[in-house]
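Shared chain: chain A. Partners: chain B in the first complex, chain C in the second.
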Partner chain A sequence: MGGQVGTSRRAALDGDALLARLYVLADAVGARGAFLGTLALLLVVFYFPVGAVLATAITRGAGLSVAPVWETLTDRFYFGVLAGVLSDPQSAPGALLGWASAGFPVVSTGLFGFTAYLAVLGTAGAVVVGLPGAFVLARYEFPGRTLVRSLTVVPFVLPAIMVAVGFTAMFGTHGALNAVVGLVGLHVDVAFTVPLVVAALTFYNAPLVTRFVVAAAETVDARTVETARSLGAPRWRAVLDVVVPQLVPSVLAAVLLVFVFDFMAFPIVLALGGLRLATVEVWLYHLATRLRLSQAASLAVLEAAITLGLTYVYLRYERTGGAGTAAATVERVPLRGGLTAGRVLAVVYAVLAVVLFVGPLASMVAESLTRGGVLSGANYGFLLAQQLGAGGTRPALAVRNSLLFAVGAVVLAVPMGASVAAVTSRDGRVHRVTGALLMAPLAVSGVVLGIGLLQGLVFGVTLFGVHVSVAGPLAIVAAHAVVGYPFVVRNVAPLLARVSDDVRDAARTLGAGPARAFRDVTLPLVAPGLVAGAAFAFAISVGEFNATVVLARSPGQYTMPVALERYLVTPSLGPALGPAAAMGTVLLVVTAASFVIVERLGGRWEP
Partner chain B sequence: MGDSGSPGAWLKSKFEAAHDGVTVKWRTPTSGSSNLTEFVQRARRGASIDADVYVGLNTDELVLVDQKLDSPLFADVHGDLSHVGDLKKELRGLDSKGRAVPYDTGYITSVADATALDRLPTSFDDLASARYENDLLMENAQDTDTGKAFLLWSIHAKGSGGYLDYWKSLLDNGVHVLGTWSAAYKAYTNGEAPIVVSYSTDQVYAANNGENLQKYTVDFLDDQGYANPESAAVFAGSDQRALATAFVDFMLSPSAQKHIPQLNYEFPSTTTGSLSGNFQKYAKVPSKPVTFTYDDLAGKVSGWVDKWARLVAQH
Partner chain C sequence: MTAALSLEGVSKTYGDAVALRDVDLTVRDGEFFTLVGPSGCGKTTTLRCIAGLESTDAGTVRFGGADVAGVPPESRDVGVVFQHYALFPTMTVRENVAYGLRFDPPATGTVEARVDDLLERVDLTGMGDRATDELSGGQRQRVALARALAPEPSVLLLDEPLSSLDARLRDRLRLELKRVQRDLGVTTVYVTHDQAEALAVSDRLAVMNGGRVEQVGDPERVYRAPATRFVAEFLGENNCLSGTASGGETRGSVVDVGDATFAVDGEYRGDVTVCVRPESLAVGDSRNEFDATVIDVEFRGDGYRVHFDWNGRDVLARLDHPPEGTVTLGFDPEDATVVEGE
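Now for the complex of A and B:
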């Protein structure tokens, strides 16, 4: 395709000549060049600053020491019975016998045990809610399908305090749910309990499962289904044998990311569960606010050991999806039609989605439109006064900054993610270890990253007699890209693994350079993953708080969540949440509109 | 603190008007107490402080600062303040080293919804009784002003040897320990529980918004409330020591004391300040205010808070 150069029009010739030059450039830089650039950026804004903080967990006095980590491992508060076994292994058999003779009572698993428990429940919730959503979006055609798909990522950016407000309004003692079930004499009491926290974790992460799997489903090769059916397999059998294996790597990728996210969950757990349901990251945050930095660092090292270990295990299975091409994708069927199990599921799912996703968001909007219990425009009046008054936190500036940072972060994160996916996609232990370590921005405590950026970059270091300090808008964009790029990697890698080497080699034999082969062969297949990854990178940037606050060099470099937080802690406002809810509503509208635009732009490359 | 109508904007405009060629720049706090911890980290790493005055310091935070730093972060300025003699008697001994200058004070107390409860709790022991099971909302004592004040108040009441047993009974009784004051207060106004650890000025806000005051009944336990003064301090490394001290002194002036505390929903720290309007009517003062001074807290507060937090998180 596109082999013949048009001779009738100069413009076309110039265009193709330019493109050809770009391919030469891309071939020269190559995936390896982009990969090295990515490494350099990661080194400056991630590995160096975070490493400096984590190093305090493996040093004591002047020398290396395992003591800080060992003290954490053998502390019953953190590891429960495991700590007891570690600190006194010889007592373990006796303790085991005692436990058995006592009838196997519930044992303490410490803060890490509780965190893992919560993460397992949260991941299960995300899969149970997310997979049917993916099925509906991938299987059925209905008006607004692409809009809904674009908006799936919205929950991801919402500040925890607003989600907490929404969940209380929806599921609280006097919430909307109780108003409904109260009609039949029931009452749901879930405030400050594990089920409510799990529901909120599901709210955040089920969309991730949906989005990942939809991206993969849209590149399933329909011909494989047809082949199976022509051999006499019933439809369900063909789907099970042919489609499901192609989706498994993306499902696993989503499960891994959701588990890691849930394991590190912090603001939402704090907002809905408080200290009694503290996770490791909640505890770490409180340690940091009280400047117990080396203890916080040893917790972060253990957290990262667990999350990176899981990533490594996952990478063993990433390449199991089998080959495919995007030449012919499975046709979606209209949602309207005869009654089938699938269509019933779709309707049930829509109701659930309204309760779980739309409900909390709508209650935030409602909060922004009331003051003292009555309908009021006062909260938006407050935003306007902030915008026009001197010295206020201006909402329009926050919107502008958020969008600029997010666009910058996407522009950086997409090539970073694509190059890392390409270079680490090969099989083998070295590639898996590298791949896991490059996921560290997801797997390392956000609180520790904030401390690292402050101490390592903002305070600066002296190199060759010159004091170097890194902060400001470019540093914010770089930090956002670093935190967001793992999403691009994990979205793209499973799809990339399905690009058969034969097809790529065939293109190369026909004279296409690597960049040209990438565009013609690889890109169409990984495009849905790139777009989904870009959407997540955008969302991560818009929702990011810690690094933004730390790296802002002038008071005017605030984003939407930062403005929201400022309105929340303004003492002269009293306890009103309305102004923050109004800012949350602005954030909701701006990000929703952005996702639609990102997907429209990205959709041009989709098959 | 920079928005118009806020205490910060008021101080800036008045102080600049009185001092030619001086510009007051507020650095907006990031969140909670992390602003102070940033300065401690800067001092530890030898990074520049770039600020002259810190506003919004709690006494226990001063203890934390001293524990983490070898050389003082803040300067002794009490001797240079013209209004220091106006401080209320109970606030004069707050910091024996003369660094913290309290510019307002408030009382942390339980606030109860009298429309939902037949009888309000009157003591700490009441709160732990079956009658008030699952009824109390509070905030994390590790890093919120109100939660920390409530914990310190309970230690004042039950003693450092007995407070953990008291908290065990409170946890068994279903106390909710939320992350921030606004989360706890929001849960309270939503009716999740009828008692919240909050401020003795809560009715002022309710009155300003025309709400039912019964729902925000200030409920002092054992006739006490925990006084939590908010202080300003001058950085020891400031190259504008005289001007910075003048600014802190200005915060204690009669005109500032008539404005600043009320804008913060707090009480004046001096005898020259006064309350007006709804403050005069609805801001409550306990008959037996209690507090711990710097000297009471030094060397102890970290251990108290740590033991409490571990008890709560594993319960």
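Now for the complex of A and C:
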């Protein structure tokens, strides 16, 4: 007995000694070291590849040149009449007169014009659908309100390609909508049309508008309204004069962000519009798949200029928006009660919202569970079978890849995000700079990141005479980590900010080294943020499409969203949407699980 | 008595802002030593330099004669009680108190016994399993004290430990703190901005201002014989008048403060400041007198606190009876303190 105890104690001591050595190591590295490591990694897997892509756009031969960008700018295909004006400014006044005398006919605005047009429609849709939602959530109290409010986080975890499947299942030629209107002998064909794409963009971004505005409305101090009313303003007037001005910054911030997202929207446009409704992003992808990388690069530079510029404006709005919490928030009224115009509108809105938001997802799930109009598990059987699907895709392999890549992305993104949060939560100046750097992955298109990683890491670079290249799957994991880590930062930083320096210092003076103090005091306090951040990173990785579709060079590297897109656009599958719907449902379950984790842990989602 | 702790020429700057200038301090073994001064005077920075939570730019910090430069806080053998308690929110009261014992187990007896003993000392017996957010402010402060004392530190550092409590509780905890400190005989450095508290608790105190130590001594001596005008005005209330001193008629000196000349004890020449405590002023004839007009009378229970105007100067007096209109105020030469310089 005694010997046994002795051995186990020695084993414990060895374990302690190992742990102690680990703490010494961690103390030596420190948060700053981890932060520098993160920056180095970002440099390799984000700034260098993206920078290299952008650099090819401003070089020709050996020297710097604006020629590639200029050629794109003056190409009528990209910029329509603006290209003509730029290439021949002297002709502009005459052309303007001719246009006026012809009675202002519709002019060609090129690819960028069309992309902006689509983004404006998408943004308008998001505002039109999102604002009433914000009104309902801010004004009325009803069972499930908190849940609905939390559900507005969904656009950040729901894979866009899955939304596209849902919309096809609902509005497609053989979709649920036609099944319903077919009963009265009607047929609606919206496949590959602008309204369908705009509806999908609205589905995706309206919750974001709602979320921004509700959050702002909840910080409006009820006493300001009471003061206005005590000064003689009727309720509607008090709301107009006091509340609305406080909401305007958040509405504008949301509009900017939604416009940027819509401008760069890729999977939805690709899957629902195809090349017929090609936007800049889709064309970028088209060029990349044909390896016309330099032309893609100049396109990417112009796109990045637009989106980064708008993101910068967004950040300024975000900063001016009220961040304070109200001492007393404006009280909500129960939705049940006497019939008022507001209540009727709220209920009508709710019905429409259910059709728009639940309809596509429900149609997709229903589609996945049926084959030939009868309940069937065949679509799921297809997922498990190791057979080749469209484009040589093995569905089971795609599921496995998605999960593996997601685990890898989480393993990378969590320490990256945590170290960045740890450093930025301390120093004000560093915080502002890195705040902007953090936003970069959100404002740079995933396709550009994919192209950069492809030509920079996968095709490899020659450093000091040695050819260095990275395997495709590794590049995919890196891309996913880069896209996901800002969410870890956003979830951890606020919790970290609440850990007072004194508490850490107290642990230090009681005998704990820096790493040990972090482990004993800080970590338990930020753990919920870490888990929520990890869930975000997981969901984002599972749903990531833009970079993956560029990087996945062979069907063996396909993930669920990529496989999904193949099923969706391969005509040979045609009406048999089932397999795509089944895979979409799997994606839905995975992302819904992540959402539940995020929600339970009070995760923060603002980009 | 030996020096438990000493600072020699310690300086510290944050960017352009000088936090500490050439601070010299010696804290004796087992002493209750207070750093007192207005906010921003450098007292907390001094404490943090002692704890190793801040590095010094120049100078030496010694614990029992040994230079502790570069020694991290976890190896300095200090216990710190922070202003806002800084309890570990994810741990119970017992776990908080026992935390330091993870790194420095008690030489005799169990961790359990040591924690129980400390909880008893701070009057928290039976509260060990509470979560920290179930405690009142005063209880939290006691947990913080017990936690800091648990590993038997050679120096106990208290950073404004009572300032976030209400006045009554502060009084009671101050007594308790003093009792525990005396029982254990632990060398203590106490930081406060409250001069009355500093006078009440300290064996010795150091008055700090603008990153410098203005004066060190036992409370009574520093109160009665301030070395600078700052100390004279900061500790308690005081009426300070700038003037020029010259030789007196028999002994002492005469100070011309502009509207009057006052006789004071001691030999002074040139620019000086005459300080007279409000309680040293009285209505009626005395050797140094002047006519002042009542501005406001505050009833203070044990007497009256009266604001006077004397030719544009504010003068404060503590009187037993409320005066009216213009009265003659006076003080005795031995009650005035003279500080060299303006």
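Quick notes on this structure:
Going forward, the second predicted complex is superposed on the first by the 313 of 607 C-alpha atoms of A that agree within 3 Å, B and C clash if a C-alpha of one lies under 4 Å from a C-alpha of the other, contacts with A are read in each partner's own complex, and residues count from 1 in each chain.
Assume contacts are C-beta pairs under 8 Å (C-beta built on N, C-alpha and C of every residue); 3 or more make two chains touch, one makes a residue touch a chain.
Owing to the predicted nature of the structure, the values given are computational and were not obtained by experimental measurement.
The wider contact with chain A, measured as residues touched, comes from B rather than the other of chain B and chain C.
When the two complexes are overlaid on their common chain A, residue A:G172 makes contact with chain B while staying clear of chain C.
Contacts of A:P555 after superposition: chain B is touched, whereas chain C is not reached.
In the superposition on chain A, A:E331 makes contact with neither chain B nor chain C. Touch criterion met: A:V521 reaches chain C, while chain B stays clear of it. Applying the stated contact rule after C-alpha superposition, one finds that A:A512 touches chain C and leaves chain B untouched.
When the two complexes are overlaid on their common chain A, residue A:F192 makes contact with chain B while staying clear of chain C. Comparing the two complexes, no residue of chain A contacts chain B in one case and chain C in the other. In the complex of the two chains, the chain B residues touching chain A come out as 1-7, 9, 12, 26-34, 37-38, 40-42, 45, 47, 64, 68, 140, 142-143, 171, 176-183, 185-187, 189-192, 205, 208-211, 263-265, 302, 305, 309-310, 312-315. Contact residues of chain C toward chain A in the complex are 51-53, 72-76, 78-80, 82-84, 86-90, 99-100, 102-104, 144, 147-148, 150-151, 157.
Chain A contributes residues 500, 502-503, 505-513, 520-521, 524-525 to its touches with chain C in the complex. Residues of chain A touching chain B in their complex: 77, 108, 110-111, 161, 164-165, 168-169, 172-175, 191-192, 270-271, 274-276, 278, 282-283, 286, 288-291, 371-373, 385-386, 389-393, 451, 454-455, 458-460, 549-550, 555, 558, 565-566, 568-572, 574-575, 577.
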